[in-house]
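Quick heads-up: structures coming right below.
Below, chain A partners chain B and then partners chain C, in two separate complexes.
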Partner chain A sequence: MLGRYIKSVGIAELLLALSVLILVVVVAVPVLLIVWTALFVDGQLNIKDIVMVLSEPDTYEALKNSLVIAGGVTFLSTIIGVFFAWLVSRTDLPFKNTMKLLFLIPFMLPSFIGALAWKMLLSPRSGYVNKFLMNTFGLEDSPFDIYGLIGIIAVETMYLFPFVFIQVSGALERMDPTLEESARISGAGLLTITRKITLPLMLPSIVAGALLVALYSLAHFGVPAILGTEVGIYNIPTKIYERIYQSAGSFDAIRTGTILSSILVISAGLILYAQSFILKAGRFQVIAGKSMRPTLLKLRGLKMPLLVLSILYIAITVILPTVTIFMVGSLKTYGLEFNLENMTLDNLTYILFDWKMTKDAIWNSFYLSLAAAFVTMLVGTLISYVIVKMKVRGKFILEFLGVLPFSLPGTVIALGVILMWSGKFGINLYNTAWIIFVAYVARYMAFSLKSNSAALEQVHDSLEEAARACGATHWQALKDIVIPLIKPGMVAAFFLIFLPALRELTTSVLLYGPTTRTIGVAIYTLNEDGETVYAAALASIALVIIVVGQLVIKRITRSNVEGV
Partner chain B sequence: MKKALVFLIVLSFVFCSIGSVSFAAEKLMVYTSMKESLIGKLRDAFVKKYPGIAFDYYSAGAGKLMAKIAAERQSGRMTVDVLWHSEVPDFYQLKGEGFFEKYVSPESKHIKSTVKDPDGYFTPARLGTLGIVYNTKKVTVPPKTWQDLLDARFKGGYGIANPALSGTAFMSIAMQANSLGWDYFQKLRANGARIGQGSGQVVDDTASGDLKAALGVDYIVIDKMQKGANIGFVYPKEMLVIPSPVAIIKGTPNLGAAKKFIDFLLSKEGQTIIAASGTLPIRSDVPVLKKYGLPTPDEAVKRAMKLDYLKTMKDKAAIIKKFDAVMKVK
Partner chain C sequence: MSYVKLQNITKRFGSVVAVNDLSIEIEKGECFSMLGPSGCGKTTTLRMLAGFEDLDEGEISVGEQLFSSSHKGYYLPPEKRNFGMVFQAFAVWPHLNVFNNVAFPLQIRGLSRAEIGERTKSAILHTGLARYENAYPNELSSGQKQRIALARAIAINPAVMLLDEPLSNLDPKLREEMRFEIKDLQRKFGFTIVFVTHDQSEAMALSDRILVMRDGVAQQIDTPLNIYTKPANRFIFSFIGLSNFLPVVVKKGSVYIEGVEDSGPVSKTLPDGVSSDRLTLACRPSEVDLVKSGGVKAIVKRKVYLGEIIDYRIMVGGTEVRVQKGRRSTHFAEGDTCCLKFSRPIWYPGD
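Take a look at the complex of A and B:
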């Protein structure tokens, strides 16, 4: 009896210790190593080097570009996201529910595939749209040039605005309508209501969405790599990539990388701090429990124009690039006209069945995402459990470590993983799939923690206490009460990790070895090598996998929710 | 459902661990800058001949290969067995560092090349040539000389691959700077010439019309021409001929397989595959693809621009820096 008690507690405690250990080893130590490497040379604090690296025009320029891109993308995404959220939640726009789903689609598209498509459409001399406009209107110069900061900001905005859209449309729908109504009864006009009531109430959601966009775009690799490097525009992740590849992997380059990474981490920290600061300034109970729908604004004459605008937006940002990718992916060679004679399915069959590199890439991405999603889900559940349910001292360290990966850019994680796992501490995972696996676990831990914590918070402590009172061990209570209740959260975490990992680029591009290319890396290197049609063909396969994956998730999560 | 998921996950872990360790008797990992259209065909023929060898390759620009190798040397976990790319100075450099295994293939007596290592640490396995690839829709009169590219008709439309990424681009720049002088590049820049990405991308950019013309590597251009791209290809009289040496990494556990691969590469069979994909063989007893204007190896060696490889090895960083400085001025 006693033995069993010890044994069962032992398992729970062991798993607990294990998950804490994983968090420390996978997340904390690599980050500390980055800061350590940036600050210290041969064990001595070296500020001079840091100042030198930062005052180089190259690095300074990259830092500036990162900030300009993040600023521009955040600003535009917020405006577009809030506008469309308002349109689908608070007006009588026709086909609202369909439109709402449509606005979530850009979220599914990997932004670097979008960038690839826009490069094909809007590159100065050969872009299809440019060529069309030049031929139609007899222009001398191309009207658009996608290369450069403006192009990068535009393309990132297209695929990132749903972050804001989701947050704001959710909040708008759940908003207590009595607040606006009382203002109206008191004689306030629509503008005043919007300015004084609705916007302030929405501020937390807007800021939360904008923050996600800012964090993401600050450290995004794919779009600037495709649309910037060609014209000499680098942001921090692309600069780190270039440095590491051009310097033949010398330690100097890695050190420069760590200094730039530290700046990314600091910027991310500042963004998070700014968010909490803004949110503290005005905190309201905005969401009422009553099931009242806010009044809808009648668009009247604007109804059709706004519907057309929304549909056009989707057509231009989603359908046009997707179709372009599929069309180019079936061209015999890049630069030919689109007609049946020049189209072929050979690229697809070649990539799927004949070319080892692309076959490997699809397979690598698949098993890496599966393994990372599963492990991260389990570890995340345990850590969330400690954070949410347990009353242990020193919990705040776990909480901090849990939030940390959330603000860590993929590039930083990749560098940390290189420092940690290439033999310096006894384990050498360099050039193996394991190093990417470890990086994925670190990178997606935050997703798992968020999803699992949310699920756990809904399980009232009394349920578990009741089980314990009836004589169940800790482990039994966990297994029979808590886990079944949070299963939907765990499943959600699994897929929240599996799908993004499947198309991951930023981290794996710094970690891949000869046989461990991922789908993202393969598409990127194919594009870089000038195999544009193969890059497009592989991208179309990736898009199909992603769409099918999303549909499967929808089915699974739905049946799971019903099951509980 | 649950069982299937667990099974998949276990499976994925198994693959995670064997991703890097294969069970075949002999293995061979070749790092090469040759693109899929060339190395893929060689792989097929080699594997057919030696089914017992698990052959794999990593194809990327010379710059990336060298970066990967440097990182591998630092981490002490070497994956590469054979190195084959076109940045000749790198081979002198690595030979000097004692990084190569000495191997003189019985086939090497047939070799015609501008480069030969008397000590036998590396062997040229292909004669790469670069010419001017141009978009046939945008350029009606093909350029004939390197000087033609300074014409107004190529304004803002000539591209050279980034020498930091591409070995052939670096070698070409070193040769042209040597024969035509740096002010040739200054004039190109004044005519709006651009630095592109890798050696493949400048060709694709020319095919799409983004560039009017570019410095193109023979077999990359010919592969796209065979697929019907709207491009033409010419060699000016002074030719850019760049041997691509192959070498075995010292201490490789797969020495036998590595030697077999090099023998195969230099054999008549291997060289025939190389010639058929549109680049020059290093043997005169293998016919070249005449259709696309390729010269014979003998003629190419005669017309080649001269270069002091040992000096270029020492000046490599300076040459790239100078080129960047000339071309990147805004």
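Take a look at the complex of A and C:
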């Protein structure tokens, strides 16, 4: 018996060691390398350089822009998200359930494709809306200019507000309706209740959603790259990209990148810390005991205007840009009018079957996402199992390392893998697909850990113990009991990684080589090179893949739920 | 003189009739409870009285004031009804401390600071929360949370108090304690109580009158004693306590238990108004006598000691009967033959 006991402890520690090793190599060392490179030159602490880099006007400007953009996007997303969440869960708005699904669509659309569409609609010289308005009203100047901070903030908000929307509408639906009813019976009207009871109770969810938006926007590459670079407006990620590409990857540029990245990591860490702090402080028990429908505010005369407003919002932010991408993607030349004579399917066939660059990009994205999703899912299951289920000493190291990926922006991960895998440690993956693969694993580890640990926490320890009591070995209990039970979580993790990886831009754009473009990179570089029509055609293919992917996930996750 | 009046109220959710043509009259100062299994419409009725649900038919009024009326299209919103109400899940606001939770209804009414302070303190004192005035709900136990809800409800000194299963989230010991406290508060403040519960002993302990409901229809409105001793139908009989039902047949003016007609009749007189020759005998396990001879023949199947009482399962004819006797009574062993005497049988129509 004793021998056997010792043996099983051995396995546990082996698993722990393996999980720690993977996280260290994939996540921790790259981050340490960034901080090290930022702080030390030739092995010596060098603060002076850091101050110098940060006081250069254009890095300083990038920092400021990142803050302004993140601040603006967070503010607007919070207002829009809270308003629509309240509208669909607390009022008698018609078609609420449909509207709720519609408000989630921007989530699955890549924001850089949205930015591309808005550029086509609202760029001052050639934007279709501008041209239309100028012709119709005989204007001298174009009425809109999408380039610049305001344009960037507006477009990012369109795609990021669902973070707040999901958090708040979820919290509103889970909230115990008697909390509001007891205020009502106490004599308070609906407005007073909203102000004094509902909003204060929702505050933690609102702040949590807002911080997610801030975290995402601060480190976002796509929209500022498309709508800012052209007019000389950079945020931190686009500045890092510009420096590295201008100097063809010189050490100086990479060092500036690491300094700016360190700032991103620190801000992300602060944001996540603030979030966990707020969630802990505000963990009110507002979950309903028995389900009762909450009292809905009767909109009366405002019903139709608010419905029209919601539909208009969806039409402008989702349908208009999507349609624009498809229309421009089938134009013979960019700038032509939209009529059947000017339309063609040649762009699509050329991109899909004839042009090696785009064919490669689609293929690269597919196999890289597939491989990264599969590996990250498995590794994530292993690490989550050790974190959630095993009682091993030294687990806290893993818990700390496990939180790390959550706070790493894509740009930072890209720089980290460049430092780690470009020959410094004997392995040079630069310009190969492998470096993108490693970066994807690091970037999406957080998703896998989240989904897998959530699934594992649902599996009560006694289920595994019951299997052991029936005579199963640890491995048999795992294989026959635990894994079948967490399979939905694993499948969810796979798709949570596969779909975003398919359209990834921020990380890939710093890592791609001549033959390793991904779909995102190809769309971005086509747009940079002025091949707007081909960029739009490839973007429309990407959109079709994304929509089909989402439908497949829905089917699979639904049948999974039915299975359990 | 009835005070709270619900007249012919009906409520439908889609095609489901949640409450069907229900009429209740409650007197001032009465403690009236609505009892029934979940889904029987008792909570819906209370929510219509509170104003959270509209009526499809009928009228609700309290005193001289009309609250809801379907045919007049009139509906007074809950915040104008001046009720005190306590919910099952406590519904105390986690972002406000005890004082502010209790003061909320007074603040809404725009009273002066001094008066709010005075009345809040009094309500807190009466519910035994004086030490916790500045505590937040998540620092308190569930019993204390329910006391906050009670204090908040009595703060405005309401004429009518609505209680929606206020005790079912508490543990059994606390539940019994709170029954007395609610009763004491009622004596002190003189409000009328309308109480919803699925727990029959709670309804018995608290109420002056009980309404038993099933599938949205009133079954019986009566005092606790009458509900227990004279249940109007089989459903109430079985809902209100432990129960046995035995099929019986009527032959030549006497009543026999089916299958054991040879051991003699259980009753030589027919219950009033019987026309059918098949009936059901209903009895409580404690109201069956277990004797050596001189009753209906039966066999002891199972015997379980429950401390103070002994719980027998006994086969009579083809039916199993549950009998509970004090531990000092004559014992029978499993497998023994015995005789049953039914001291207070109640008759319902046969199956």
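Simple rule for what comes next: the second predicted complex is superposed on the first by the 538 of 564 C-alpha atoms of A that agree within 3 Å, B and C clash if a C-alpha of one lies under 4 Å from a C-alpha of the other, contacts with A are read in each partner's own complex, and residues count from 1 in each chain.
We adopt the following convention: a contact is a pair of C-beta atoms (placed from the backbone, for glycine too) under 8 Å apart; a residue touches a chain by one contact, two chains touch by 3 or more.
As the structure is a prediction and not an experimental result, all values here were calculated from the model.
Visitor: With both complexes overlaid on chain A, does A:200 touch chain B (first), chain C (second), both or neither?
Guide: second
Visitor: On the A-aligned overlay, A:244 touches which partner chain: chain B = first, chain C = second, or both, or neither?
Guide: In the superposition, A:244 touches chain B alone.
Visitor: Contacts for A:528 in the overlay, against chain B (first) and chain C (second): which applies, first, second, both or neither?
Guide: first
Visitor: Where does A:433 make contact in the superposed view: on chain B (first), on chain C (second), on both, or on neither?
Guide: first
Visitor: Could you say whether A:332 touches chain B, chain C, both of them, or neither, answering first, second, both or neither?
Guide: Once the two structures are laid over each other on A, A:332 reaches chain B alone.
Visitor: By residue count, is chain A touched more by chain B or by chain C?
Guide: Partner touching more chain A residues in the overlay: B.
Visitor: Which partner does A:549 reach: the first (chain B), the second (chain C), both, or neither?
Guide: The answer is neither, since A:549 touches no partner chain.
Visitor: If you lay the two complexes on top of each other, which residues of chain A touch chain B in one and chain C in the other?
Guide: On chain A, no residue contacts both chain B in one structure and chain C in the other.
Visitor: Spell out the part of chain C that touches chain A in their complex, as residue ranges.
Guide: Listed in rising order, the residues of chain C that touch chain A are 50-52, 77-85, 87-89, 91-95, 104-105, 108-109, 138, 149, 152, 156, 162, 169.
Visitor: Spell out the part of chain A that touches chain C in their complex, as residue ranges.
Guide: Those in contact with chain C are residues 176, 178-179, 181-189, 192, 196-197, 200-201, 284-286, 288-290, 295.
Visitor: Would you pull the chain B residues touching chain A in the complex into a rising list?
Guide: 8-9, 11-13, 15-17, 19-20, 29, 31, 35-36, 40, 43, 56-61, 63-64, 66-72, 74-77, 79-80, 135, 157, 164-165, 196-205, 207-211, 220, 224, 227-231, 328
Visitor: Which of the residues in chain A end up touching chain B in this complex?
Guide: 123-126, 131, 229-230, 232, 244-251, 332-336, 342, 355-357, 363-364, 366-368, 370-371, 374, 422-423, 428, 430-434, 437, 513-516, 525, 527-532
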